[in-house]
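Here's the structure, in structure tokens; my notes come after.
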Amino acid sequence: MAGSILRSFAGVFPYLVSPIGTDGTVLETPLRALCEHLIGAGVHGLTPLGSTGEFAYLNAAQRREIVRITVEQTAGRVPVIAGVAATTTADAVAQARDYAGLGADGILALMEAYFPIAEAGVVDYFTAVANATGLPVVLYTNPNFQRSDLSLPAIEALSRPPHIVAIKDASTNTGRLLSILNRVEGRLDVFAASAHIPAAVMLIGGVGWMAGPACIIPAQSVRLYDLCRAGDWAAALPLQRRLWRMNELFAAHSLAACIKGALQMQGFAVGDPLPPQAPLSPSGREAVAAALASLAPGEAG
Amino acid sequence: MAGSILRSFAGVFPYLVSPIGTDGTVLETPLRALCEHLIGAGVHGLTPLGSTGEFAYLNAAQRREIVRITVEQTAGRVPVIAGVAATTTADAVAQARDYAGLGADGILALMEAYFPIAEAGVVDYFTAVANATGLPVVLYTNPNFQRSDLSLPAIEALSRPPHIVAIKDASTNTGRLLSILNRVEGRLDVFAASAHIPAAVMLIGGVGWMAGPACIIPAQSVRLYDLCRAGDWAAALPLQRRLWRMNELFAAHSLAACIKGALQMQGFAVGDPLPPQAPLSPSGREAVAAALASLAPGEAG
Amino acid sequence: MAGSILRSFAGVFPYLVSPIGTDGTVLETPLRALCEHLIGAGVHGLTPLGSTGEFAYLNAAQRREIVRITVEQTAGRVPVIAGVAATTTADAVAQARDYAGLGADGILALMEAYFPIAEAGVVDYFTAVANATGLPVVLYTNPNFQRSDLSLPAIEALSRPPHIVAIKDASTNTGRLLSILNRVEGRLDVFAASAHIPAAVMLIGGVGWMAGPACIIPAQSVRLYDLCRAGDWAAALPLQRRLWRMNELFAAHSLAACIKGALQMQGFAVGDPLPPQAPLSPSGREAVAAALASLAPGEAG
Amino acid sequence: MAGSILRSFAGVFPYLVSPIGTDGTVLETPLRALCEHLIGAGVHGLTPLGSTGEFAYLNAAQRREIVRITVEQTAGRVPVIAGVAATTTADAVAQARDYAGLGADGILALMEAYFPIAEAGVVDYFTAVANATGLPVVLYTNPNFQRSDLSLPAIEALSRPPHIVAIKDASTNTGRLLSILNRVEGRLDVFAASAHIPAAVMLIGGVGWMAGPACIIPAQSVRLYDLCRAGDWAAALPLQRRLWRMNELFAAHSLAACIKGALQMQGFAVGDPLPPQAPLSPSGREAVAAALASLAPGEAG
């Protein structure tokens, strides 16, 4: 039943990359292999079509295919929270219904904007997405790349519809997460993003993180999560400090290029970001390789 | 032949709104009526799918339909420059080819971005659009709403491909236009946008303007253009000062809401902006109505 | 000796307000009373002439008088770290020497800028301040109000001079603090500011915080610090969540107005911010009063 | 009488650099020589202590000395409009009175801010400066470097006090100048700044410009002004396009460094900007030298 599904949204949810061939076809084999690998490493869920998933660079058919394959390969072992992103309410509602029909377990909802949108319009948009299906919805706000942000009053308003269960804030402002937690009084769970320190967000009451780096260091991410959950901060912090290096790389390079490049090094033929995005630069590859080596499970343990 | 087509890109090019019904269908009748009205008022071209045309809120089918109807209704009387906007090179090229096939006379090319794109990627994107068809291309840069801008070196590089014939800069920085004119040494024409003073841009060497307000004051805009072209600055300036009021309203309210609301007052049933965009507010309607009254052809003449 | 002085920079350092009469004279009595009150509440040091201290609104004589009185009243019971802020290197060096002569125990150094300054110039500025006296120096970077920021490479360079012992970062980006800690490898201590969650910064390795709110909730701040130092996160977090309300108010209102208004409510006649800054608004006073009531030592304990 | 003084604020007003020796003393000889040179070239007034004059890097004594020398050397041949800049109303009023006592003919008033200041406070600040002396006041707003900007309603309010006679807007938004002109209905004159195209501002009703580049190309600037005043736009524009190169350099390099470096090439030993500002870089010197050569009176004529 719904309650138990909602409970299950906690832990490490890697943002999946979207492997696309140079002719625009979705590369099914590496996507399935990546899902298997991550589930095998113990992640608590999968999130296709986040920022790292290049949703903004995919057409409707490509997006749908990514969700379809991810849900099918996951086969219910962990929840799949599919990203819905649109400029119009109508498009967002259509996407949410489509992904629900494909078997997604939740919706990660974000709003794209070209013109500034009044707050009432923003609240209407997310409410419509929440009402579109019976699925739990995670709000996603990323002021670095989107042209809109969710104000605290808007977040408070959006904490009321029962289907909206969590928020993932991808600002760099960790204090804002504590303000959200104080405001919503348990009605929304809070997930960290790659710009926040996961352990710090867990300390203040977060339930996990949705982030691109977990794609390439899944086992270490799960270990960090387990230590935080157990309140073993003394053990968590040294690991967190080492893993932070990957978040720094992620911020210094283009998200999709960084994760796709790292996955290629790990043997997943996920291709490059869609042009005109550039693939990971040679210096970026070198930095990522060095970071991966230093964070190998044996090293970072 | 191509040369004569390129020559014809000068003058007043209104940005058409995109009339869309609440069920998502393109409202053909008011779009055709608007085209007739504007051509009758003497405008020098039509520009569907600019910012005012809500391109960012339309799906591929709606965009295509807007171009198809505009080209068909215009029937070659003035050039139609269709807006192409995408995050990926592949999508932009496909749009350009499609609109060329529909009979557009030129392409207004802009690049959308979610992640920052390196300059080489930006130049590649526009070059690919320029090479996609035999049509002349107008570059369009709008740093207020887009996440990218064209640097002066990028503009200089893009002034070399023969199909790229003009640039429309929608920043508020008029000095930048003079820098562009000095840099490109005649290889690109420069159009003003609604954030620039058209008469000032004409003074420094511009060839006209592409702007939303020309949709609702087409005759007065053409009159201003004719005075500027004739070098009759003493007559142009008083008119420019009066018309500027409309540009100010346009900046204070949402572009599409403002122009759609004004057109409704003028009898064109173009509908409202697509949700979650809001329609023109009551105070906005009042301000627009007052401005229209003060700028009636008899008044502003 | 120097080593022991450096060690002592840890804990809660309230940013003192600067009480100034309407005729421009420094109000000595409330400043002395405030110092007594804070030392009595157990704070670990005092910091005159931070942002909250309105350094940007004081002339040289007023600044000097604030430092003189604070040092004299403190009488060595806790360290006094005096704020040095200037646009020119010469002025900063002169201030640092002057405050050293007055008996300050450390320098909180920030750089003001009107034009952008190249990184080499920024490093030169802080290095000159560090070399100006024998006092330990705390770097202070506040990108919200200053026109400059310290890059990670600049911070790494500035971690080398022996007199530079700590950094206080007043951005809202807590992840940046972890990046700094990873970079400087123990050569700089890190203090939180009011825009960071103090407990989260303590978790990742911070040594305390320098902040305006500690002026009005000193005992509760010290209690939180002690819990964090003891690693008693289970007890620290509920207190942190309650105290965060004060940081939120502080961010919503003007810093100086907020703290001066709150201190007036607590019986310290510190006056209002210097015009054209406005005093705390009636609604601000109401919000601050409510927050103070809810955070009274008995309540928040 | 006052009326005639107010009338005289039109034309080209170079922003003077502030020649300061490495020991902090004002270099009187080159400052006097520069004043002579500019007056001899036909400029309509002198403006010490603008942005180019590094007011933000000078102490009170240095500022005063710059004004004293400029007024004395000018000896009434052209008006001297002295820059007043402060964070507090009290300091601004004191500066204005002091400069009036030194014989300045007008005040160029700007407000510095560290914290955001409410609009009522901003209006109070400028009104107090205007009421401080009998001198005419020019408002100066530079949103690029200051932390405040004047809104159109604030400008309209400030157009009412009789002593406030003009505004110099240093944004890059030329359309804003037309909005100001339409709003203030003749109660304020408008000066361009180096980020605007002077000829374009003259076209829309401006009365001249206050700008750093006029320090190094005074004769050519006066020639451009005369052509604009005469309405000879056909002759003005080619000259404007050539002179614009200097404004571009000015924007690409630090203002003070650029003008001081150029003046050194012209034989004025004005020294370098105050540290930690850097002197003009070698590549900057090369670019400035090339621009000066191409704009020599014989060349640009």
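Just so it is clear, A, B, C and D label the chains in written order, and each chain counts residues from 1 on its own.
The criterion applied here is as follows: contacts are C-beta pairs under 8 Å (C-beta built on N, C-alpha and C of every residue); 3 or more make two chains touch, one makes a residue touch a chain.
Computed from a prediction, not measured in an experiment: that's the story for all the values here.
Q: Applying the touch definition from the top, give me the chains sitting in contact with each of chain A and chain D.
A: Neighbours common to chain A and chain D are B, C.
Q: Please indicate which chain is farthest from chain C, where distance is taken between mean Cα coordinates of the chains.
A: So the farthest one, by centre of C-alpha atoms, is B.
Q: Identify which chain pair among B-D, C-D or A-C reproduces the interface of A-B, meaning that over half of its contact pairs, matched by residue number, are the same.
A: C-D
Q: What whole-Å value do you get for the distance between chain B and chain D if each is reduced to the mean of its CA atoms?
A: Computed value for the inter-centroid distance: 36 Å.
Q: For chain B and chain C, what's the span in angstrom between their mean Cα positions?
A: 51
Q: Residues touching two or more other chains, restricted to chain C: which are they?
A: Residue numbers touching two or more other chains: none in chain C.
Q: Quick one: do these chains touch in a line, a ring, a star, all-to-all (complete), or other?
A: Topology of the interface graph: a ring, with each chain touching two neighbours.
Q: Please list, in label order, each pair of chains that touches.
A: So, checking each combination of chains, I get A-B, A-C, B-D, C-D as the touching pairs.
Q: Which positions of chain A touch chain B when the two form their complex?
A: These residues of chain A touch chain B: 24, 51, 54, 56-57, 59-60, 87-91, 111-112, 114-118, 120-122, 124-125, 145, 147, 254-256, 274-278.
Q: Given the complex with chain C, which residues does chain A contribute to the contact?
A: By the definition above, chain A touches chain C via 172-176, 178-179, 181-182, 195-197, 199-200, 203-205, 231, 233-234, 237, 240-241, 244-245, 247-248.
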